[in-house]
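Okay, so chain A shows up in both of these, paired with chain B first and chain C after.
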Partner chain A sequence: MGILIFALRRFLLAIPTLLGLLIVTFILANFMPGDPLARLLGDVGGSNPETVAAYRAQWGLDRPLWEQFFIYVGNLLQGDLGQSTFTRRGVMEDLLSFLPATVELGVAAILFAGIIGLALGSLAALFHNKWPDFLVRAIALLASGVPVFWLGLIALQVFYLQLGWSPGPEGRLSSRVNPPPRITGAYTVDSILSADSVAFWDSLAHIVLPAAVLGAFFLGLVSRMMRASMLDVLKAPYLMTARSKGLNTRTIAQFHVLPNALIPTITVVGLAIGGLLAGAVLTETVFSWPGIGRYAVDAAKALDYQAILGVTLLIGFVYVITNAIIDVVYAALDPRIRLGS
Partner chain B sequence: MGVTMQSPDPKTIRLMTVDQNSSTPASRARGLLVAARTSARSLDFGYYIGLLIIVAWAVIATTAYLWVPFHPTEYQDVANRLAAPSATNIFGTDELGRDVFSRVMAGAQLSLPIALLTVAIAGVVGSVIGAISGFVGGMVDELIMRVCDVILSFPAIVLALAIVAALGPNWFNVVASISLVMWPEYCRLMRSQVLSIRTNLHVTAAISVGCSPTRVFSKHVLPYGLPAIMVKATVDLGMVILITAGLSFIGVGVTPPTPEWGAMVSAAQTRIDSWWLVVFPGLAILSTVLAFNFVGDGLRDKLDPQLRGGNAKGASAKSMLQRIFLGQRKTKETPA
Partner chain C sequence: MSTVTVTSRIGLSSPEESKAVLKVSDLVVEYHTARGIAQAVNGVTFTVHAGEKLAIVGESGCGKTATLLAALRLLPSPPSKTVRGSVEVDGTDLMTLGPKALNEIRGRDISIVFQDALSAFNPVLTVGRQISEGVRQQRKLSKAAAHELAVDMLARVGVPDPDQRAKQYPHQLSGGMRQRAMIAMALAGEPKVLFADEPTTALDVTVQAQILDLVRSFKDLAIVWVSHDLGVVAGLADRVIVMYSGFVVEEGPVEDIFHSPKHPYTAALLRSIPRTDEMSGTHELVSIPGSPPDLVALPAGCPFYDRCAVRVDRCATDRPTLERVGDTQTVACWVAQAKDIAS
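Coming up: the complex of A and B.
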């Protein structure tokens, strides 16, 4: 099976799931407490039956449920996720303005965890059952059980209060620094693109600690996975073949060990994207990071249901799509998957 | 453990993979994740340490109110607020002058039952639906699996956030929303167990001698599927404690003044200079979660019928308890 056909099939498979996501958020919207009309109209309008009927007709609430669902999907396709009651803006508009901060944080966390985790995992495998191995396993173990919000506060205690190495939980930039002009939405990237060195260093200083905290769970995951798959590869017959052919260590590491050990690691990292988004909700709360996680928490506290549903839908959507992409990448990396069953 | 993709070791794969029958490579790799965890530690030592910690917390959870030095909510010594750990308040006092040690101990009384109840609901509901899915097959199976896919597309904490926000923050809604998010995982696991076990020879034999479907299921399939569910349930207890604490931390779980670990850390958020307010509730969370992880991984090893030898009897309650506490395991490796 060609990789294109595989990709096509995999993305077609995602469509029913996406449809399911819409149904779930639609059901949730209908279960949200209180009549949305009463909230829209306030006490005065809500007590007048004629006004209520007029509004019901206008918003299609007098139609059968399945028809309402199609209206909901129709609005969605036009980019309309409803109004947020606490920012008083469109939810879609809100999400688009908060998303870049989360993406920036998430990518930074994955880079941090990926690079250090791969190094630690390989180290542990190469020094199997020696002290570096035990150290890496202890780190991975702690990372699997530590509450991310707690780790964030501890990190602030140490690196901000005690050592003074890191800025406090004040978001993406110090208040005295102007944000760079919006190009990608990621401050670190935008400040490079606009050659603003002050904003670059300031935004970099602000992202290090939250990214490390958010990435901690991944760090454990990656190093554990890399260690296990590398140990497995080191035992593989093709490695013995490579050695007995007299290839040098570097060639073996580069062409035989790394590519094979990386495949499961990459897949697992991809799978954990959902966990990353969940962690972002907590990390952003701790560091006052203005991303969609913090937006979701603020919305939940303000009982802003449209906004919560918007975030839920967005995160579910991101998760389904990334899962599909990872499967395709995986198939591209590993011919056994696309040629097999 | 078998990490190689193309030829999963049949001995290990049974308990390892969450859903080996699923069509996507990513879902296959989930099993690898589990396999990697197992191989990464020396199991037995951690298993007993973990068991010890859990028993200790369970005792604390049931008896805390009898022996803690100060009442966790009612005792407030405002004159002595935000005091650092000392001989009287060994974990210090919080912003209302309450004793942090007493509150952390009392917190177990909430976190552990919430976790138990949540996992019990998700485990039972998910396993039943999963067993139906695996046995009935066809359209029913397809439909159930798609529903699972959809629910699993939301990170637990996000969907729980939406649900709890809708229903209002209290412990019951936390239990309801997390179990709602969690049951599909058990459903998939049970389904894959059923699918793989029912092709075993002993099941074919049971069917051919005329056992009723219910008997085949309860006597010949369920005992083999149960260990995997139990392993997952143990690890999930820690997971639920983490999620509950996270929800309480962002203010949509258990709300103050109830002593709950996540809520306590949350209250300390604006006072990070009083380190004891943050450190101790967090250590409580960390220790329970790690303990459940340890025990879960150890159990995986002890309960795996495939590792116990050729004449595996399945898991009767007694034999399971024996293996949990006496750690009798790996008597003989089954020849592949």
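Coming up: the complex of A and C.
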């Protein structure tokens, strides 16, 4: 009961944040360097004041900024993010077609980094100041210290060119494999749903390396956080209480150590989601992954005003929503947050 | 703090007649520190009989808490190490048990109440669940039966509205209520021996008195109560052990310890309690000069030598052993033992 009310309140609080995000991105976009019109019209059209004026009137750019904003918000509420001057399609349509690939990659990266990070962090804490601890700390330092684009290139060099274990940077599938019918947009999921084993193994093979590269920073962060909070929990007086009651190791680990160690870790994970999105832009570029990151890079190169604004909004939206989700998870884990003191 | 009123206990059953439920023999605990090996507990030996209330007193760092934790094998190792000794609960030596057999006894035959109930409770589990989970595991209780047990235990320690309280989290309870809940948790397995590590120190005086009344009401339970507060001990214990730098320096019935302390440390400790029955102003609070010896480099002789007012030459070189002095007390002091022979 308590958690539902908490969740509702938290998501209602996200609405003003999203509105703020909308205002800030809109204003920023208006001060972006480079004139999108000049780019759009080319040298000839851009030098003709009449053509420019006609375009400005057509796109509503001659109206006051606040009026433009309300038109923009009005359109947004109807699912219209304007038109991309680069793909000549609706930005919303573009985002929806590129989003699943990024979500699939991001979720794969979080799962990979989360599971391995939690395991490594726990291991390090249990073997505090012994060799597994030193090893995990070295891995964490490397994983979170190396830039994503460099790590991506090195990973390709080793696992694709040298060892041949991984497919090359050719996107989500080999060219000879047909994509599964679109259900969720995530190839690995869709291929399972449509019982296409060829597409499943091929898409899985393609996602492992980029997901590992994208998740590396996250893995380092999660394992370090988990190690630190677990070390704290292992010293906590309530663990001595648990042992004094004759509880077996499994019960202690499952109900006393893990939930308490996860609380600080989850908080950090939430904050790191933003970094993951930034990393997605670079990872997708290195691995030719046809996602939002690639779309953003192309849009920026083309000074595609509407598309850049759309991507920025989407990333902000994902960030605000994931943080709301993380807060709810946090409250679910910790009754002190859920019920107040 | 509570007053020292030593009441004579008429009709106190002689400990020798009843059954020994806990026998701690020659317990030795070391801490491995950066400076070397600290000898925290040095050959502590005591016996507790069914229903008996034993108090272990001494200043902080004297090894009283370490003794309890080591006896339950709860001390984190490293840095600590229980080098020697046996701890027999109803004839079973905890020190030689495997983890499974040990967990059969911990929480069931012997359990412990800690000083700070807030940190001793897991913040993310309900109070009721934590009260019953040990018993639930041992007796394979259903969820409903476990809840019932928790409610029953909370009611027994005087927590009002136990059904609601069992469903709450530790932070939602008041300090006194939490301490009661922790006692309920320790008693859920119906132990024969209860260890109490200064469980009233963090509470205000009225709540402290309530908790002491509650503990006194457990007639059949053997209790080992660790405290630095002699006032609390006087109203609760049958027998007292005085510890100093990891050694037992004096042991005896509570009345005898308070009326005729044999060890100079015990005597100094008693002089340092504020007394409300001496309001004339002539009685000054006496502090014990000096500080306890470094546990990493214990002196060869008596550990109290540096601070002792009655020391003799022998005390610097020979460590005194516990010997019977008078009818009821045992004392580790050459001077007290010599006096006893002379008289």
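Heads up, the rule we're going with is that the second predicted complex is superposed on the first by the 303 of 341 C-alpha atoms of A that agree within 3 Å, B and C clash if a C-alpha of one lies under 4 Å from a C-alpha of the other, contacts with A are read in each partner's own complex, and residues count from 1 in each chain.
Simple rule for what comes next: a contact is a pair of C-beta atoms (placed from the backbone, for glycine too) under 8 Å apart; a residue touches a chain by one contact, two chains touch by 3 or more.
Everything numeric here is computed off the predicted structure, so don't read it as measured data.
When both complexes are superposed on chain A, chain B and chain C fit side by side without a clash. In the superposed pair of complexes, A:78 makes contact with neither chain B nor chain C.
By the touch criterion stated above, A:146 is placed in contact with chain B alone, chain C being left untouched. By the touch criterion defined above, A:236 reaches both chain B and chain C. Greater residue coverage of chain A by touch, when chain B is weighed against chain C, goes to B. Of the two partner chains, neither chain B nor chain C is touched by A:197.
Once the two complexes are overlaid on the shared chain, A:227 sits against chain B while remaining clear of chain C. Of the two partner chains placed by superposition, only chain C is touched by A:256; chain B is not. Working from the superposition on chain A, the chain A vertex angle toward chain B and chain C, CA centres, sits at 70° in steps of 10.
In the superposition on chain A, A:336 makes contact with both chain B and chain C. In the superposed model, A:285 lies in contact with chain B only, and not with chain C. Chain B and chain C never share a C-alpha pair closer than 9 Å once the two structures are laid over each other. Chain A residues in contact with chain B (one complex) as well as with chain C (other complex) are 236, 263, 334, 336.
Touching chain A in their complex are the following residues of chain C: 69, 72, 74, 76, 99-100, 102-108, 111-112, 114, 116, 119-125, 130, 133-134, 137-138, 169, 171-172, 182, 185-186, 189. Listed in rising order, the residues of chain A touching chain C in the complex are 235-238, 240-249, 251, 255-256, 259-260, 263, 333-336, 339, 341.
Of all residues in chain B, those touching chain A in their complex are 1-6, 23-26, 29-30, 32-33, 35-37, 39-41, 146-147, 149-151, 153-159, 161-168, 238, 242, 245-246, 249-252, 262, 265-266, 268-269, 272-273, 275, 278-279, 281-282, 285-286, 289-290, 293. By the touch rule above, chain A contacts chain B in their complex via residues 10, 13, 16-17, 20-21, 23-24, 28, 31-33, 137, 140-142, 144-150, 153-154, 156-157, 161, 221, 224-225, 227-229, 231-232, 236, 263-264, 267-268, 270-271, 274-275, 277-278, 281-282, 285-286, 296-297, 299-301, 303, 305, 308-309, 311-312, 315-316, 319-320, 323, 326-327, 330-331, 334, 336-337, 340.
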